[in-house]
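Labels run A, B, C, D and E following the written order; every chain starts at residue 1.
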Amino acid sequence: MSKSPLLDIRVLSRDYVSHSLVGASHSTRALDEVSLTVDGGEIVGIVGESGCGKSTLARLVAALDRPTSGHVLFDGDDLFSLRPKDLMRKRENFQMVFQDPFGSLDPRQKVERIVAEPLHVLARRPSRAEIREKVADMLESVGLQAAHAGRYPHEFSGGQRQRIAIARALVTEPKLVIADEAVSALDLSVQAQVLNLLMDLREKRGVSFLFITHNLAVVDCIADRVGVMYRGRLVETGPAHHVFERPFHPYTRVLADAEPSIERFGRPAASERSPPPPSPADAGGCAFRNRCPLAIARCAAERPELRMIAPGRQAACHRAEDMAENGN
Amino acid sequence: MTTAPLLSVRDLAISIRMGDGSLTPIVTDVAFNVEAGESLGVVGESGSGKSLLSLAIMGLLPGVAEATGTIAFEGENLLTASEDRLCHIRGNRIGMIFQEPMTALNPAMTIGDQIAEGLVWHRGMSWRDARSQAVDLLDQVRIPDAARRAKTYPHEMSGGQRQRVGIAIALSLKPALMIADEPTTALDVTVQAEVLDILDDLAREHGMALILVSHDLGVIARMCRRTIVMYAGRRMEEGGTREVLTEPRNPYTRGLIRAIPKRVADGGRLQTIRGTVPGFNRLPAGCVFSDRCPERIDACHIAEPGWTFLNGNRGVRCIRAMEEGNQ
Amino acid sequence: AQKDLTLGMAVEPTGLDPTVAAPVAIGQVTWQNIFEGLVTIDRDGNIQPQLATSWDISADGLTYTFHLAEGVKFHDGEAFDSSVAKASLDRARGADSVNPQKRFFAAIDTIETPDAATLVLKLKEPAGSLLYWLGWPSSSIVGTKSAADDKTTPIGTGPFKFVSWAKGDKVELEANPDYWNKDRQVKLEKVTFRFISDPQAQAAALKSGDVDAFAEFSAPELVETFKDDPRLATVIGNTELKVVAGMNNARKPFDDKRVRQALMMALDRSVIVEGARSGYGTPIGSHYTPNDRGYIDLTGVYPYDPEKAKALLAEAGYPNGFSFTIKTPQMAYAPSSAQVMQAMFAEIGVTMNIEPTEFPAKWVQDVLKGRDYEMTIVAHAEPMDIDIYARDPYYFNYKNPAFNDLLKKIEATSDTAEQDKLYGEAQKILAEDVPALFLFVMPKLGIWDRKLKGLWENEPIPSNVLTEVYWEE
Amino acid sequence: MNAATPATGRTRPWLAFRRPNLAIGATIIVSLVAIALVSLVWTPLPPAKMQIVHKLKAPLVHGLLGTDQFGRDIASMLMVGAWNSLSTSAAAVAIGASLGTLLGVFAAARRGLTEAFVMRVSDVIFAVPPILSAMMLGALIGTGRFTAIIAIAVFMVPVFARVTAGAALQIWSRDYVLAARGAGKGGFLITVEHVLPNIANQIIVQVTIQLGLAILTEAGLSFLGLGMPPPAPTWGRMLADAQTYLATAPWLAIMPGLAIALSVFGFNMLGDGLRDLLDPREKGRS
Amino acid sequence: MLTLLARRIAGLVLTLLAVSALIFAVMDILPGDPASIMLGMSASPDTLAALRHELGLDQPLVIRYLQWLAGVATGDLGKSYTYGVPVAGLIAERLAVTLPLALMAILISMAIAIPLGVVSASRRNSAVDYAGGFVSQLFIAVPGFWVALLLILAFSMSLGWLPAGGFPGWQAGLIAGLEALLLPAVALALQQAGVLTRVTRSSVLEVLNEDFVRTARAKGLSRRAALWRHAVRNALVPVATILGLQFTFLIAGAVLIENVFNLPGLGRLALQALSQRDIIVLQDVVLFFAALVITMNFLVDLSYLLLDPRLRGRSR
């Protein structure tokens, strides 16, 4: 790698300590030593089941939360060692889009104010006229009309709201947009519109995306590279299409198999599994081993680390090579 | 058709009384049959009236909604049946599984009791017997360690497990018809697959008819033999699932299928349906889809097309299909 | 006949030992019922023998010799004799005494006990009123052993014994079967004092029969509602409660006699009585009540005459009136009287602002001790306390040497006729000078069961003497 | 892209009055306020004018609503009392609501120790019964309107602090707050721009409810002689004074009692109506 | 559970220290002292000094406060200045009246409010709902002391069924005691019932919108059964909160009613102590109130655990 990546996530961990009213407080590791990079103009997708730490990762990258350990380097600067003032300036370059288009817009603010909110970070406060112009610009570039600036969020449909949220994220012309389930709440027809919009933006403005979702098809559609997460750990990365076509981690396989598709009618043949017992994410071994059809003794003893399996492809599995050889 | 179907819905229309007292029609001209043991999928985007439809069959429409038409279940019109009669049918003959596993269970009652309650209520069983049967049911929906789990509260279970409890409740009285209103949208894919499998197994084992409501075409493809596609409270298309998904006859269905995200060759874009679902108080004149339809013709704006029966058990609502059908 | 009695009182005593605290409610429960004194005061206000069956006063008025009753026992069995009496008086006048009447004992020089049945008081100077004060609750004779605990479990020589005290609610007494004075056999067996402060609740308790009697009913406006009740009798008697609106005579404009006189003339006392007390009350013209000896009616000295009042004000330099503040304690009579006065003062152009003042705490601090006020209104309860205008310091800040001389003369004579004449003169001086606005004497509104007999009608001293009370068949 | 499609039609303001609560409450309160305002310039008789000869006359015998024990005109006193009671309560609620809201949003913004501290302060205030603290305050600074206002306000502070803290915490968990933080905004800006506007409804509703309570409390304080000094008429003191005339002149107690009940009722109805009107969940319903 | 308790107690102690220091300071600033109140208008200065010494009032404020604190820490609440008896006993006597009164009032108000609230909610916008709403609004709007007067007028003076006031003490028998407390309890309960009805109604309405009620109906339960078996219990959490607040209020704030019914209650003790400047009694009573507020909050939290198993899980 000659030039340094736009976003460089280094062994990032986050523990949530729950102060129970009783007894010792106990901590959950929501994010466990995740390392990942995003280059300029790249769309990196993150998939994984609910609760695997996707949103935690997003919040950390957006510097809305502090990690237990690890670093997030943006443009070479470690976000968590910046002074608050510098961090605020830095925010000009990365913004976030949230999942729920109904909850992420303040119902009592007009679209103009909502979209203009991130301009707060600019060193030079733009004038009213400039703001108006910028907002109008943004609204048009996400497929809304400048005239919409004077309306309230409740006057818009879900898809339109998500566009407003995207306009807000783009108003400072950031280099990176962190999209946490940005299309999950949308209906099919709207989802397609928004996905197209994101791809346009990447093309026209060179915006990078860290695109988080639980929908494999969406990632497959939009992302250049994908990271699969399981229980707070990154278990596989690689070019999106390859990862789903030929998974190197059994969990990716399970995910891909479970994804419903209109190309598969009726029930898949090999779905006769008993539900897995909940496995503790202990440090001792692979967290997936209890659900894993390929588990071997080593999986319980030694935790697999993320490693290069093929060019551009990494997996954290002791049996990744076997998977690679066996093909599909 | 020699014998009457298990469920026969005719001319169903549902309206909502708005804050200012006016009635807004939501669901219009819905009709379909469900035979015993058959599985029917209902797809449609959010707000297209799927839930109202399911609730209407259960007789549990919210107070502001009014339904007309007939919903004949085993020959009895549920819309005119007495509340007592409905109480008897609900749970007993028709079971329902709800969308949100997190909120559909009473947080203050053990899951065993929630399952047993229906048995006590309808079958007059003792709580003791009902509870032991509840444990069996939990077993059937593949909840491990069922006897212990029966004594726990919903919050101690995961979403997938709760949804299984919901299935167990609906299943407890061995209803002839099971309505599942988006039973897996709140779950992630691996759990969704498991829940769908269980539902499938049970429907088959008990010979239950199943109405599965979803907005996920993939789920419908996996589960249902027949499918109805709904838009703005209207059925747009009906037929065998495979035919509907592979040879859609309505432009809306076609649009939906094309909008499913999939890898598109280099930088290509997904095809979309332009515009958004209109609110029920501002539907376009003529065909409700006419303002968004890429294949519309002038006639589309004039009158709403009726339901056209095509060959086999297929039907569609579209002027162009009417032409084709009449050919 | 019925042998028990429930008597209502508005105020609960704080402690039951009248020799260590001032509130009249203490005496109203215990005096003559539980505790007795060397002498006592009867229902007409006369001094009568009690534990001292007789006494001699030396001609120079400096030696009092008391002959004590014999065979007297306290409720706890302690025998009463001259040493007990001496101990009791010494306790009241000692250096660390907290007896509220301590200053009346200041005249006593030494106390001797020649024998068990004789007590001799040697005085420093003649004290014409000593004997009277020895009849008061604070002079009660307490036992040597029991004195320390009398506050909560009073032990006396009286015809009733203390049984229990449910604080906030009631005190119960029972007849003392071993009472020493066989001439005075009580007819009640059990007596309950119930403390009810809310006048409406008092009325309700009376009407529902929960309480048999209220010797001092609080709300005159409710008296009318008892008129139709065949079971209850309303008995209006006299009290010593003189309601006066004291002025700060040292402060402008009240330092000008003409202003005070004008204010007096601005007030129609009978209207005040009518408006504030539903007509129950007797207007007075000086600091003296009609039931005290030597009383003269002086209400005519400055009768109601707003025109004259205005003229007098103008003469004093206040043709357009002035404005001032009255500090009113929150007892019912004060704000209501003040409101009527306020309206009347307004007629002569004087603005009076009412400042409700917490009683006793804040009132005592501000007015009585701090003398930081312009006008106040309060009922003076002690009998024959005309001498307060001679006290220095006292809250009126009134200074009249002629008046002071007069009072000294009264204290020096023991001839009652002469005393009465001098009292008359004193009343006249006050009526003329108007150091305070003399308003009215509060009546004793007794309301009780018609069959109940023997309760005091008048109140020469705040008390509820039950020795002669009985139920008619 | 076409014009936006409103999710729901805009609420037409007059429709609000289809809600009986709101209509009844607003009518009562507006009339009371109107009467209170009129009393500032006109009353049938001067409220402090005594006519002892006409004392305790029944309604219509002398004056519209009769006279009190001093022969004062009850109708006039009630009118001025409306002003005194309403303005005292309004001032108290204004103070209590602003202080409490301030504390509440501050607690919500800071969480942790600050929140615990605010809750402890509420506990402390709750621990001292309002009448007791009013009496202490009265002894300390004298009785009067100011004391009554402060005494009532003190008791409102924890109420508002709790209500706002709860509501504000919910707002703080919204994604748009997260978005604002992503825009580099701090606690103060977020509170002003997002939290306060979004909890304003709940505060307004609470204000109307507390106004009713304040009138009751003011009446209780006046009843104990802790309110405004005479001759200023207040409903509470009129009721207190009337107590002993309940048997002989019942209208004396009934009139101010009704006035109090009516205004509390009005404020509660208004609060209820506003709650229904402002609750978004109620929008779709009848 | 124990840590929960420990935290609460720590909070309690802090709050109590703050309250007591505050009251001590305020009482010191307040004009008037117990000695001159006890000795009346004509007491001489040396008598006053003697009494002040006897009561320990001649010591500096801080010393008195610390002495009082030390006493409380060792379980000695001190002696009343005016009554001259241990305060603990005084409070206990008053509590014997106030506690049953508050309990009765709470029970009566629950008996009125919960059915009324539930029925109003389940028949939203029906005649029953409007009537219930009107009645509860009325209960809230009418001042309690006024209701008390009317109750006395009707039931004691006219009908003579119940005593007009006062408390005979429990030694007079359970019936007599309860009779004496019945009217005041009703006077207190009506207002509380008004509030509680509204809380119950809105809480039940909220729960009726929950999905699990629909699940219950889908099982075939009738409207009534779903309401009582599923909705009501879940609706009780906010009701419990209000009940806790009300109970504290009834113990501490029922002064007006206690006055009208002449009940020797705790609220009146506090007022009396204040007007007599009996600082020790006042301190102890307020201390008790504060402890009560916090204990009540704690009990309410415990009742949440009872009503809502979700919270139980968290504390495991």
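Keep this in mind: a residue touches a chain if its C-beta (ideal position, glycine included) is under 8 Å from a C-beta of that chain, and two chains touch if they have at least 3 such contacts.
In UniProt terms the chains read A = ATP-binding cassette domain-containing protein.
These figures come from a predicted structure and were not determined experimentally.
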| item | value |
| --- | --- |
| Touching chain C and also chain E, the following chains | D |
| Pair joined by more contacting C-beta pairs (B-E or D-E) | D-E |
| Whole-Å gap between the CA centroids of chain D and chain E | 23 |
| Distance between the centres, which are taken as Cα means, of chain B and chain A, whole angstrom | 32 |
| Whole-Å separation of chain centres (CA-atom averages), chain A against chain C | 89 |
| Interchain centroid distance [CA atoms averaged], chain C/chain D, Å | 46 |
| Chain C, residues touching no fewer than two other chains | 200, 358, 361-362 |
| Multi-partner residues of chain E (each touching 2 or more other chains) | 30-32, 149, 153, 275 |
| Sequence positions of chain A contacting 2 or more other chains | 157, 160 |
| Residues of chain B touching chain E in the complex | 58, 60, 83, 87-92, 95-96, 98, 100, 103-109, 114, 117-118, 121-122, 153, 155-156, 166, 169-170, 173 |
| Contact footprint of chain C on chain D as seen in their complex | 48-50, 52, 55, 69-71, 135, 138-139, 142-144, 225, 229-231, 241, 243-248 |
| Residue ranges of chain D in contact with chain A within the complex | 1, 3-8, 174-176, 178-185, 189, 193-194, 197-198 |
| Parts of chain A lying in touch with chain B, wherever the complex brings them together | 49-50, 157-160, 187-193, 195-196, 199-200, 203, 214-218, 220-222, 240-241, 254-255, 257-268, 271-275, 277 |
| Sites on chain E touched by chain D in the complex | 11, 14-15, 18-19, 22-23, 26-27, 29-32, 125, 130, 133, 137-138, 140-143, 145-146, 149, 153, 209, 248-249, 252-253, 255-256, 267, 270-271, 274-275, 286, 289-290, 292-294, 297 |
